[in-house]
């Protein structure tokens, strides 16, 4: 890969920050504060890393105003160093810009409408009446079903599968192995077995949505499954049919949302959480990792469940006690009764 | 996609229901009771939706006998409205019937036996001695290993991988991204490391089995992993080597069944549950979502675990108390002793 | 598939075991002790299966010294029967040896360096500057990004996706559907939404690493995600960015390790466990299934969490009691106070 080099002053300008020190310094990459070398830019956002600041070998550091005053090296002063780092990181992303091309090893239906500046990799399969917006990236071995729409500059990495009729907005990223538009888990009991319910709805994904590797999003039974603008989903998440996820909500890896549940805007769901079906979670809810959500959450706030790790021996005791709590309750009641009997009566 | 229109009377006939009102009404789709328009058929199965019945704009409603008597609009009277809806849903499924064809971009070993009326998509790879039954659907970029057998009318959607020797019955659906026949997680400790155990068994999948997106089913170590007829598995389920799942059992998304466990018939397993290895779960067990099954379940019934969501502040207290239960126990014992001492003795 | 037959004495020699009985016996496969027939070799490792020994129809049994003395049939005496079985299992693995070939339906960049004796399946996509070692197996519909390195004799089964710059050592196995090198879940809050942080690190996978189906391993944000030599990962595991997993650690299916966590050597993590981010787990830790690890584990030992399955009725009571523990605590305090009041004072 090519090395890309920028002057410190150029980088500062891109994030509207202020250079202190040598603005002409050549920077060829980003690094952590502990491992940086003199051609790298680093940043200090988490106070836990402040101890590394004065010994860092980095060529320059992105710092908040207060910190910058204590630092004698080169720096970019920025009100939000973490955001500045995020913005600059794109400069060194080898996948940052795409080289438009359409592989001769792709198969594309004649009725598909492919805009300008699109990359379509070998083994991509694009069915009838698909519409792909300008600047989109369709990776190797991706399969796109009939009537799918993909917005401008959206990226589908290798091996993604989109079923028929799925809509993806612009500026989305869908990592490898995602499946979107698969049939929801809908079956009617029928004589001891199960009658499949055809899933007739679709999936609508807004703009600037990020979807992690091997995440699955089922199509609606009737009506659509909806992922609103700016939602970010990590790897191996399961979104069932007719779920609605509100704008800018973030969900960490391995979480699952069951059918017809609605999650509000600006929520944060920790990893490996489960949210049962037909619930409502309002805007601004924060669910910590591995939480078992089995009722609607009607107020913003932080929610949790689970018992947390213990040495196995202690855990066994805790669980045994938990199961004996009913007996504990009875003993306390009996004690309270006895104490009443022992206490001097008013009439005494 | 083509619009498909049926007379209300035709639809009633298909499900052996009785029309009340205008049997000549043209119906072009199904809808939820809240969102229907006059060309749609809807249904009332869940009493929670009864409130929408009298204001629905649907052209007609599938209703149970009792409800139908209170309704003046067009309806199909059926003893099981949800099942009737399920049966009719297939009529509007754009994937309902397949157009047989074999893509020139597929690679099919000369020794493979492909029956009549099969669809094989671009990028499908079919190895030696594979047998594919009549009416089967093999989606784009599917890989099928040597000696696999696939029954009639079974469907493998885009990107499925079947390892060598897997057997799939008839009328199955396998959603995108599933992996079936991968090596089970079998290793023998060996000098501080691990010696791989070759997984020599297979996977046998019965008829009318449904498997959700990105679900994985490992091949047996010795002997087979078995999914019996009529089993329905949701997305992202993990079935380890030598598991047996009995007829018509349903497992919701993100659940995992560890090696050599046997699950009976007609069980229901809620989402994100875990079932440890070498256990037996009898017929008719219902496990609620996110349950941790670490012992055999020898009686039918409903089983659960987990602590359920709480506000984070309350959860912290609950967990702290749980860990102090040992101390609580000691205090109660001490109190009981003290009370005995305080009580008047028989000889007093 | 071909039947492969060996003399019992040949098999004994391969594992440096001692034959007792008929070394000239022809063995054509391995089997469980219960289901074996006279042409099969079986083994006895788990004492729970000892009851089957004297009635087994197996042609021969691998036994430890002590057991062999009580057995009159043919046997291989070995100090570790399970390891001997593991070593011999490879003989009957139909994927044991590969037939080198490069499919004409693969697309391979001209700059890729492919060593001798490699198998590359149909639909495999190999980008610029990839290096593939001798004897490697690249399955059907695998996608390999630019600058990837794959060591000798490593195997990537159908449908695996490796992003650019991933390094895989030698003698690794990566099962179908795995995604390695996808972007880590890194976003900076920005004006109510999220600014993506380009993930500039890589993934380094050591030698003899085993990775199960549909497992995902994200690339580092800055610096690499590292899976050390001899690690074994089961299916559907999620490894987030900048995680380090130490040598010979084993992780069972559906577990997730969040960002920047370090797990030591020789650990065992049970299935469906979750390990939060920025933690450290030392060498030799054993975490039981479905454990919620939300703090660093600084001592070797066995750790657990969760409440374990109960009949639903009992579970409801346990959980209700758990939530009332605060009240229980207050009642005990009050009782202790009352008892003090009831007790005769020293000055009485």
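In order of appearance the chains are A, B and C, and numbering begins at 1 in each one.
The working rule: contacts are C-beta pairs under 8 Å (C-beta built on N, C-alpha and C of every residue); 3 or more make two chains touch, one makes a residue touch a chain.
Just so it is clear, the model here is predicted, and its values are computed rather than measured.
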Equivalent-chain rotation between chain C and chain B, CA atoms, steps of 5 degrees: 120
Type of chain A:chain C copy interface by residue overlap (half), same or different: different
Interchain centroid distance [CA atoms averaged], chain A/chain C, Å: 25
Of all residues in chain A, the ones touching two or more other chains: 123, 141, 159, 177, 214, 236, 254, 272, 306-308, 310, 322, 325, 328, 332, 335, 339, 342
Complex contacts: residues of chain A adjacent to chain B: 107, 123, 125, 141, 143, 145-147, 159, 161, 163-165, 177, 179, 182-183, 185-190, 192-200, 214, 216, 218, 222-223, 236, 238, 240, 254, 256, 258, 272, 274, 276, 287-288, 291-295, 297, 301-308, 310, 314, 317-318, 321-322, 325, 328, 331-332, 335, 338-339, 342
Residues of chain B that touch chain A when the two form their complex: 1, 29-32, 35, 80, 82-83, 85-87, 89-90, 92-96, 103, 105, 121-123, 139-141, 157-159, 173, 175-177, 208, 210, 212-214, 230, 232, 234-236, 248, 250, 252-254, 266, 271-272, 289-290, 306-313, 315-316, 319, 322-323, 325-326, 328-329, 332, 335-336, 339, 342-343
